[in-house]
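Structures follow.
Same chain, two partners: chain A is paired with chain B first, then with chain C.
Now for the complex of A and B:
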């Protein structure tokens, strides 16, 4: 037996072994959907589509689930998850829009504008930003930014004006979005820079020879050629922002409150909760059937959003491939 | 406005045409929109660098302030004040053990499937399915992967791998469970690095090996694997930095106990079946968000974590640079 393994392998056996390994890896996704879906099913079957709606307070619904224990009656599954979905959408869209602008501008800076010496410093520094663990971002947020916003930016009269509705501690939308932006920008910068570098130099030179200034050439030619990469970067960054759990659970205030733009400036300071951070907040209760199923339902929504994002990125990039640009 | 801005290009027709590098267009003569774009690009690039520097400097300052060598060597303890809650020896061991399990599981899976995709890949549709499922795993939030791992390891079939409560309920939390789930996190960067390395190997190297009568698998072992070793090393380093930086999986699947908590009497296996904590969960637990509320300990542990991440970054840089010097190729995808 051992001798058979030690001898040079025939090609077909190697192919089958490696293929089996790949199948195992591919099967993980199927298993993931199956396991999460099976666990999430009771919640969806009890609530139907109104699961996504609003109504009642999420915290009391969760407390109700925890109180029922091992044999949960059907009423325990009652849940309206809109505050979480809204919180996720709000923080993700805000962070991605901000990060997109910053990432495009700073990629232009790195590839086209920065002097070589500065570029040699900037690239590793920004790469470092991408690899800082999210718990460190959360720690800085909760120990530095949240007290700063809570004590210095929010005035006492602002706190008093809403004290019957929500308590403003500083943990909330603005800190969440700010840190989330810093976390996802480097990912976008990496992809966009790679694409900008691969745009043929002659295109840019051609534009400049036609009389436009370098910045206009970058905006009109180079950036346009890098569009597939910008789309890919946005998709990747959105997926990352959707799934960020630990950092948001630390700095968002963790209250299923829906910040309303109508509140004016206070909108920025109101607490929120996202799908991913709610899973972290309530993970202790996964043993209670109703709450456990609810957690898996949130995870299933995240999982399908991630699927949809990769699919959307692929579809958007298809027509752009015609221009024979890499992405 | 347009005409005045571009006038200098046509000005002074009487002067002889200047031959040479030419006159650089100065931002002062551009339209204001372009000038604003230029200023914004500089501001964004420098701003990002400043934020990164500020984070490193701040963590360094807090680390020097709170990290004592004794913290690294003493075990955590239950304490009411920050002075008597001990150090973080156990989380350090936990991080090392978890990284080891995760990488040991991820390397054969990732390298094997990268080899199959790059060198065999038949039937083609299956190769595409495998490739895109790895992409999907890469895009799946770690908290979802953690819940998936919990569901798998709470199966009664896998009960021996973790702590089982007296009532027969499977806890599903152990180093094995967390490590196996972590290997999913480490898999995509490792796979991408290996596959890109294989695809960058020039075709003539394979053809030369085939011409000498080597089979495909012999070519892989003697020619391809040695030449993609730096790529695999990069992938492993990226995988390690993913694993040591991940908190969600540790919180859900390692139990977040204060000390290493072996289950059963067999020494090595008991540890693997037991629960524990890592640096990340230690930071999380000791921050105001967790129960501990010992910010000094959290800063000290976060500093250690930061140093590890910086070191891994340097390693990736070194591998990339030495490979770029040797072959003229760069390690692609080194960031994401």
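Now for the complex of A and C:
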């Protein structure tokens, strides 16, 4: 028996085994979505499409779910999850846009302009940064950034001007977005650098030979060729930002307020809550049926956003494929 | 942070208590416990002592995570005992038996820089329900400007007790920031000179925050023992049905032995 395993496998057997393993992965994904979906169904069926709407205070609705306990009446399922969806979109989009700009510029610098010695140090350091666990960023946020913003940036009169609507404690949008950006930038830089490196040198040389200056060559040839990799890096970074839970739970102010751009500067300091951080904050309550179902509903929305994200990435990359290099 | 602590706590508890049990004694009965973070320091001390005075009989596996996790786990039969830091609720699963094992005080805390010594009950309610929003309206407070309310997420046992015992059943204003653990609440209060929150006396006795008295009575162990301080809540050991076997032995030991009483007396208050 052992000998049969040790001998080189015939093609058809290797094919079957590997096929079974990959089918299993697919099966696990389907089973997971089905499981989450079944548990999330009650909250969707009670609220309908207005589940996504706004209205009332989310914290009060959650407290109701918690209070009704094991035998939840239909009214306990009442939930308007817009503040969480908005918080997730806002923090993710802001962080990804910032990170994309920083990542593209720094990748160009590292690959095209930096002296070789600097590049040899920068690349491994960035790889290392990309793997720092998010809870460490959360700790730095709680111990350093939140007190700094709360005590030094927000003035007493700003606090007092909104004191009956919302609390500005320092934890809020600006700290969340700043740390998220720092978290996802290294992943993007690492991926984009690899793509830029693999653009054939002859393409650059060709452009320069045609008479454009080096900066123009970088923008028109190298960066253009790396576009699919930039899209892929953005998709990965967005996925990490979407799913970030612990760090945001620690620094976002944990209140489902929807920061409003119309508030001017205060917009930056207003607290928020995201889908993932709300799951962390309330996971203890999974035993109360209404709250449990709600937690699964948040998870389902996150799962579908992740799928939608991959699909969008694929669709954007399709027309870019003509002159691509593999990143 | 809670989760990290919980993980390491499980590892530490498993390590410490695993060593205490002799290797190869497979006839040992195991008591598994999960639940409130607030009572974890007490329960792990009690368990260590229990193993020492009853060698070769029992071993413990203790995890923390929150009062509600204790209730859920014990109701589902995942653990022998659930630790709960709040009184039984109507909404709890049926068939659970709550054994009160110790009492603790819930202290109102402010930043160290705010030397507020005491609040009346009506001032406290007005602050936490969001009616009073400025420190200038609170006599005795050395902070100025807006009051930053720091509360706990609605699943926290300490929040439930705080509302019943000290706010006459009223809810903390939804304006308050919600912290998912005692540690994060404490950190936020230490950070923010304008903040006010609430902690179990074990956490507030550690310093770093200013414990505010109620109606002239300071919040500490002595005033809680004498019964003057109003915000005294209980820790429960919870079992599914009446405690049997090793669990019943452990709970009886906590309630009646002198050694357990001595441990409880260090930071907490015995029930009787």
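By our rule, the second predicted complex is superposed on the first by the 305 of 327 C-alpha atoms of A that agree within 3 Å, B and C clash if a C-alpha of one lies under 4 Å from a C-alpha of the other, contacts with A are read in each partner's own complex, and residues count from 1 in each chain.
Methods note: a residue touches a chain if its C-beta (ideal position, glycine included) is under 8 Å from a C-beta of that chain, and two chains touch if they have at least 3 such contacts.
Computed from a predicted structure; not experimentally measured.
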{"item": "Overlay on chain A: chain C relative to chain B, clash or fit", "value": "clash"}
{"item": "Contacts of A:174 with chain B and chain C, given as first, second, both or neither", "value": "neither"}
{"item": "Touching partner for A:288 - first (chain B), second (chain C), both, neither", "value": "second"}
{"item": "Partner chain in contact with A:216 - chain B first, chain C second, else both or neither", "value": "first"}
{"item": "Chain A: partner with more touched residues, chain B or chain C", "value": "B"}
{"item": "Chain B versus chain C as contact partner of A:249, first or second or both or neither", "value": "both"}
{"item": "Which superposed partner A:151 touches (first chain B, second chain C, both, neither)", "value": "second"}
{"item": "Partner chain(s) touched by A:62 [first = chain B, second = chain C, both, neither]", "value": "second"}
{"item": "Touching partner for A:128 - first (chain B), second (chain C), both, neither", "value": "first"}
{"item": "Partner chain(s) touched by A:183 [first = chain B, second = chain C, both, neither]", "value": "neither"}
{"item": "First, second, both or neither for A:231, with chain B first and chain C second", "value": "neither"}
{"item": "Chain C clash site on chain B (candidates 116-124, 152-160, 260-268 or 296-304)", "value": "260-268"}
{"item": "Set intersection of chain A contacts, chain C complex versus chain B complex", "value": "135, 138-139, 142-143, 246, 249-250, 280, 286-287"}
{"item": "Chain C partner contacts - residues on chain A that touch it in the complex", "value": "57, 59-60, 62-63, 66-70, 135, 138-139, 142-143, 146-147, 150-151, 156, 159-160, 163-171, 246, 249-250, 253-255, 271, 280-282, 284-288, 291"}
{"item": "Chain A residues within the chain B interface of the complex", "value": "8-11, 14-15, 17-19, 21-26, 28-32, 35-36, 39, 101-102, 105-106, 108-110, 113-114, 121-122, 124-136, 138-140, 142-144, 182, 185-187, 189-191, 194, 211, 213-216, 219, 236, 239, 242-246, 249-250, 276, 279-280, 283, 286-287, 295-296, 299, 302-303, 306-307, 309-310"}
{"item": "Chain C residues within the chain A interface of the complex", "value": "1, 3-4, 65-69, 71-72, 75, 89-94, 130, 133-134, 144-150, 153-156, 171, 174-180, 184, 187-188, 191-195"}
{"item": "Touch list for chain B against partner chain A, complex", "value": "6, 9, 25, 27, 29-30, 34-35, 37-38, 40-49, 51-53, 55-56, 58-59, 108-110, 112-113, 115-117, 119-120, 122, 126-127, 129-130, 132-137, 139-145, 147-148, 150-152, 169, 184, 187, 191, 215-218, 220, 241, 244-248, 251-252, 280, 283-284, 287-289, 295, 298-299, 302, 305-306, 309-310, 312-313, 317, 332, 334-336"}
